[in-house]
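The structure under discussion is supplied below as C-alpha cells; questions concerning it will follow.
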C-alpha cells in the first residue's frame, strides 16, 4: 500500500515544557516522518479532529507522539486501515526522568521518535487471514453428559449447527445412573428429579442438533473454522470449533482395597454403585449404614485434590436411606464437610433428617466383616476412637478423575544444548504421557490437549478458565476440574459461547484470546527455511504442523499471535505485518549510541506489553524515575524475542539489555504460557554469542516484572545501570 | 398510660425496694400500674427441675389469661426472669394454635381462656420506648451529677429475645441513667451472667462470676451498680462477703435498682421513694454527691 | 466405644426441645460462651456429640447438664439456632424424671421452689431456703440454714425478709399467703403433668 | 449473520462476572452496554492483592480484559451509573439508567494536577476506608477509564473550584449534573456482585471497638503494594508489625443469625492471606480458626501447601468472643473442638473472614424476578443473574458464569 505518513506532537502533560519539539521532529524525520503537526492537547476533541481531518484526506500512517499506547486508545484509533504508532513521550520520557539532565532527556525523546518512526515506516496495516473455502460454522460437542448436553442445546438455541458425539450407545453420561439430584433450588431441602429426560427431549427435538451415539473421534484435522473430524462410525464432519465434554471416571475403587477393604465384602460399595442400587430401588432393609468421605480424594497416595461433589452426594444418598427407613442409623464420616454456598442448607437438611456426621482424622477408618460390617475410626469431636457395629453397608465416597489423557511436556531446552540430553528429556516426557486420545488431533505437537496438572486441560484456570492450549477447542465440565452438577451444566453453556466466538473470529480472520481482534498473523518466507523445527516445536498452541520434508505448515486460525515462532526462528523468516525481526531490529539500530568518552551508556529494555509495560506506565504516573539512558521496546511476549536483536544491539554499541517479562514456572503468568520461560532458556545460552563478541554476560539480564511490580521497575533499571558502569562501556561503540 | 405491673415473687420479698421505687417512678411519670388480680409465680428458669415444660407453660398462661380477662393491658415485668417466662410462653402460644388449644383446655379447669391478645414488656422497654428519655430528663429534679454508675443488664434482661434492646450490646439502661445526669462508666461485664439461677446451691462455682462483674465495674470507675432485675440485685449485693471469703476478693459495692436512682433524681426521699435504706450494702459515698 | 442411635432417638422424642440438637455442627461456640465454661467437664457441644454416640449414662449422670445458669448466651449465639439452654433444662428434667440426680443441691432447691409454687401459687423467698435445707433432715437442715443466717439476718435488717426462718416448717406458717385460685391452679398443673408424663414415658 | 443489527445486550455490573459476560458477547459480534455503579470497572477483584491459588496479581488478568475492551468497538461503558427501572421482556427491554456526576469529562489526561490542587480528603473507598485520599482522585492505579473523579462533597465548594482551576485541559466540569439514559436492549444480565457482610453486626466480635480487627477484604489492601501501607502488613491501630495474627473463619457465614449460607471463598482467602503474612512477616505466628476448611477441587493443593509450610496453626473452633485489650491486642475465646479445651488466646491482629452478601439482597432488581431465601437471584429468569448474585463464588466460577450468561443473552437478542 502507498503510505501517507504524518507525525503528530502533543505538547500537553508537560511534554511541551520538558522537550525541544524541533529536535524531536528532526529525529523522526531521519526515519522518514517528515511532516509534523503539533497540538497543545492532542487528545482533546480539537486535536483528534485535526488528525481525523488528515485521515479523511488520505493520511494513513500516523506517528502519534504523546502518551502511552495504553492511554487514550479511543481517541487515537482511526480504523484498522490506518497505521498508528504511538510514541510514549509522557510515560517513557517526561514522567520518568525527573533526575535526568536536560540533554539526556532530549536524547531519550529523540531516540523514541526515531524508533517510532522506523517502526511506522516499516510496518504495514495487517490484512485479516481468510481461510480458503467456506468457514465451517458447526460446533462439535464430544461427550453427551450433563455438560455436553447443555453445551449442545445452548449452541443450537443460539443458532449454530451442532454435532453431538457420545461414545456410549445412549446419551446422558452419568445422569443415566443418577436416581435423584440433591437439592438444587430454593429452599434447598428437597431431592429433585433427574433432568435427563427433559434434556434428551430438547436434544432429539432440536433441528440444529445431529447426534452420533456409540461413536468416538478417530481423527481431528485442520484448524478453527475448518476442522475435519472422522468418527469411528465412518462419518466425516466439518466443524468450526470443538467442545470436549468428556466428563469423569470414578476413582478406581480397586485401589482402595488396602485402605478401605474394598472388595472384601459385597456390602462395601462406591457412591456410584450405591446410586445405581438406589435407582433400582435396592435400598430396602438398610438399618445401619456409613458413608466414608474422601475415599481416595485429598490423599497424596490416591487423588491429591478434592473431588468437590462427594460431600453433597453423600448428603443426598444419606437422605435416600432416611426416606426409605426413617429409623435407620446413617453415619457420614468426614474430614471436612464441604457443602459450599447455598448447599450448606443441604448439610443442615441431612442433619434434620437424623444423619450423624462424624469427623475423622487423616487416617482411614478400618472396616471389617463380610455381611454385617464393623468400622473403627477416630472421632475427632469426641477425641477418641469409636466403632460402628452391625453396619449393613459402607459407602465409599470415591472421587472423580477427568476423562482426558495426561500430557507431560519435556522441559524447554536451549539451542545448542546437548541434544542427546534434550532427546532423553523428550523420551522421559513421552513415557509419562498417556497414550490414548479423545480427539486424536493431527497436530505436530501431539494428539491431545496439553495439560497442566492431574490431566486437566487448561492454561489459565483462574482468569480464563476455558482457554486450552489448542485454539478453537474448549473443555467443559468435570474434564476441566472437579465440579458439581450445576456447575458442569453452566460450564457447558459457557463453552458453547467460546466455540461460537472462535468460529466468528475465524470468519473475521482475527485472533481470539488474549489478542482478541488482532488481524495480524505470522507469514513465513519459506524459501529461506532450514527445517530446524524450532517454530513447530515451540509454538505454545501447536499452531504449526509439518510436511514430510519438515517444512512448517502454519495454521493461522490456530495462531494466537504471540510471536514465539518469530523469536524461535534463527533464519528470521517469520514476520507479522506490523511486528517482525526486522522492525524491532531497526528500532534498536535507530537508537543513537554516543561515543564512549561521552559516558552516556545505552541500555535497551525489551518489555512484555502485558505485564512489564503497564507496570512501567504505572511507575511513571506515580512519579518514579530512572536512568534516562534506557530505551524501552514493547514486545508481544518475551517468547517473541529473537536472539538476533541481542546480537545486533550489542554489536551496534548498546551497553546492555534487560528482558522484562512475567513470572515463569508452575504458577506462570505468561498469557502465552511459556514465553517468559522460553526467553529465559534462550538467554541462558546467549553467553556463547557474547563470547563470540568477547563481551561480559552481565550485559544481559532477564527480570521478572509482574504488573503490580511498578515499585520495583526503577530499582531493577538503576541497579542494572550500576552493573553496566562496573563492566564498562561496550567496546563496539562507534564501529 | 395503663399497664399491668406483674410484681412477681421477688418484689414481695427481697426486691421490695424495687417495688417501692418502681411505684414512685410510675407516679412521677404518669404511669398507671394495675395489679393482675390473683397472679401466680412464673416459675422462673428453675421451674424445670420440679415442673415440666407444659406445667411452666400453664403457670404463665394463667397469668396471661387473667390479664386478658382483667383489661388486656400490656404486662410490664420488672423482674427479668418473670419477663422471659411470660414472654416466652406468650410467643409460643401465639405462634402455635395447637398448643394454645391444648393449654386452653387446661386453663378451663380454672374457668380461664387465653386468646393471645396480651403483650409482655420489660420495665426498661416501657421506660425507654413508651416513656422515653426526654420525658425522663424532664422529670429530673435532682440530677445525679457526679454519680459514677455502672449499668448492669445481666442475662435475661435482654436475652434471648433482644426485642427492645440488643442482646449483646444493650444501651437502654445506660441512656436512662445518663438522662438522670449520672456518669455511666465503661463496663465490660454489663451482659455477663451473675449466676443467680443456681447461686445458692453452686456458690463455689458462681462466686467468681459476681467477683468479675463487680471488679469490672469498679475498674471502670463505678462507685455503684444499677440493675433492672431483682435476681441480679440480690445476687450481686447480698453475697459479697461470701464471695470475698471464697475468692479472696475485697468487694464492697452498693447495688441498686435503676428505679431507685430514678426516684432519687425525681426528688424522692432517699429512704422513702428511693428505698435506699433497704440496701444490704449501703450506698455510702456513691450517692453522697447528691446528698443521699 | 460403640456408636448407637437408641439414646439419640430417646432424646429427640422425649426430651423437651431434644430434637433440635440434630442440626448442631459442632462449632464449639456454646462451650466457649458459657459463663461457667471453666467449671464444666463438657460443654453443650460435647454433650450433644455424646448423645449422638449413644452415651446415655454418661450424659444423664453428667452434673454439667444441671449447671446451667439460664443466661441464654449460648442460645443467642448458636449459629445453627439450637435452643441450647432449653435442651439443657430438658435433659436435666429428663434425668430427674428417670430418677437420676445430676446435681443434688440444685435438685433439692428446685424441688423446694416448685413445691412452693404448687402449694401456694407463689414463692416465698423466706420459705424456699428452709424447705430446701430441711430436705437434708431436721438436724442437718437446721445446720445448713444456720449457715445462711448471716444472709437472712442482713435481709431482715434491711426489711427485705420477714422473720420466718426459725419457724418449724411442718406446722402452718401464717406469713405465707396462698393465691385465691390455688386449687384450680393445682388442678391445671396436675393435668399438665399428665400430658408430659405421657411423653416422657 | 449481521449481529450489529440486533438489539444490544445490557450488562449491569463491571466486575469479573459482568466484564466477562460483556466481552464474550461483544467478541462474538454483539453490541453490549455495560453499566457500572463505581467510577471504574473491574469490581472487587481490582482490590485484591493476589488470587489464590497462584498468588498472582488480579491486575494481570484485568489488563488483558481491559485491552479486550479498548480494542472492541462494540462495548459501551457507563460508570457511576445505576439501573433505575426495567420494562419489557427478553428481546425487547426498556431500561432507565441514572448516571451520577463525575465532575470530570473525557478530556482528563490523568495528569493529577487537580489532586495536587485540592486539600480536602475523603476516606479512600478503594482501601475500604483504611486511609484518606484527596477528594479529587484516580480510583486506583489501573482504573478503567483512566480518569479522575471529583468527590461530590467538594463539587460545590472552593475546593472544587481549586480543582477546576488547576486543570489545564478543561476536564473538570463542576456543572456536571449527571444524566438519565433510556436504553432499548434485547437482554439484561445482572452482575451486581456482592458486599462484604458488615462485621459490626456480629456484636460479640467488637469489630467497632478495635482498629486491630480487620476484615479479609481490608487485609487484602494492607498487603497490596498500592494499598494504604504500600504492602507492609501493619496493625491499623498503631502501625506496628503484628507478631500473632489470627484468621477467623465464618465471621457471619454459616450462621443463622447472620448469613446462613457458606460464602465458599473465605477459607481459601484466609489460606492465601496466611501466605502474605509468611512472606512479609516471616517471624509472625499465624492461626486459622475454622469449622471446616473448604478448599474445593484443585484448590486443595493450596491448602496442602500451606499446611506443609508448618507456619500456620489450624484450630477447629468457631470463635465465640473477641475482647480488645488496653494494649491493642485481642483476646479470642473459643473451644478447640478437637481437644474439648476451652481456650483464651491473645493475638495482636485479627482478620475476620467476612462473607459475601449478594447485592441483590441489599438492593433488588427493578423487575419482577425471584430470589432465594438469602436474596440470591434464582436461575432461568428474564433477567439473567450471573456470578455472586447467584451464589457465592470465586473468580473462576464468575468468569465461567459470565461466559454462560453471555450465551443466554445472545439467545435472547437472537429472537
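A few comments on the model shown:
A, B, C and D are the chain letters, set down in written order, and residue numbers restart from 1 in every chain.
Basically, a contact is a pair of C-beta atoms (placed from the backbone, for glycine too) under 8 Å apart; a residue touches a chain by one contact, two chains touch by 3 or more.
Everything numeric here is computed off the predicted structure, so don't read it as measured data.
For the interfaces B-D and B-C, the C-beta contact count is higher for B-C.
Of all the chains shown, the one with its CA centroid nearest the global CA centroid is D. Centre to centre, using the average C-alpha position, chain B and chain D are separated by 46 Å. The distance from the centre of chain A to the centre of chain B, each centre being the mean of the chain's C-alpha atoms, comes to 67 Å. Between the CA-based centres of chain B and chain C the separation comes to 21 Å, rounded to the whole angstrom. Rounded to a whole number, the gap between the C-alpha centres of chain A and chain D is 24 angstrom. The set of chain B residues touching two or more other chains comprises 167-168.
Touching of two or more other chains is recorded for residues 337, 381 of chain A.
Contact with two or more other chains is made by residues 25-26, 38, 45-46, 76, 80 of chain C.
If the chains shown are joined wherever they touch, the resulting network has some other arrangement, not a path, ring, star or complete graph. Chains that are in contact with each other form these pairs: A-C, A-D, B-C, B-D, C-D. On chain D, the positions that touch chain A within their shared complex are 1, 23-25, 27-29, 51, 54-57, 59-61, 63-65, 67-68, 70-72, 107, 109-112, 141-142, 146, 168-169, 224-226, 230-231, 254, 260-264, 292-301, 304, 316, 337-340, 372-374, 376, 378-379, 391-393, 395-397, 399-404, 406-408, 410-411, 414. Per the touch definition, chain D reaches chain C in the complex via residues 204, 250, 254-258, 291, 316-321, 333-337, 340, 342-343. Taken in their complex, chain D has these residues touching chain B: 203-204, 323. Contacts from chain B toward chain C in the complex involve residues 9-10, 12-17, 38-41, 43-55, 57-59, 62, 102, 105-107, 109-111, 154-156, 159-160, 162, 167-168, 191-193, 195-198, 200-202, 205-206, 208-209, 238-239, 241-242, 277-280. Of all the residues in chain A, the ones that touch chain C in their complex are 327, 329, 331, 337, 347-348, 351-352, 354, 356-359, 379, 381-382, 384-389.
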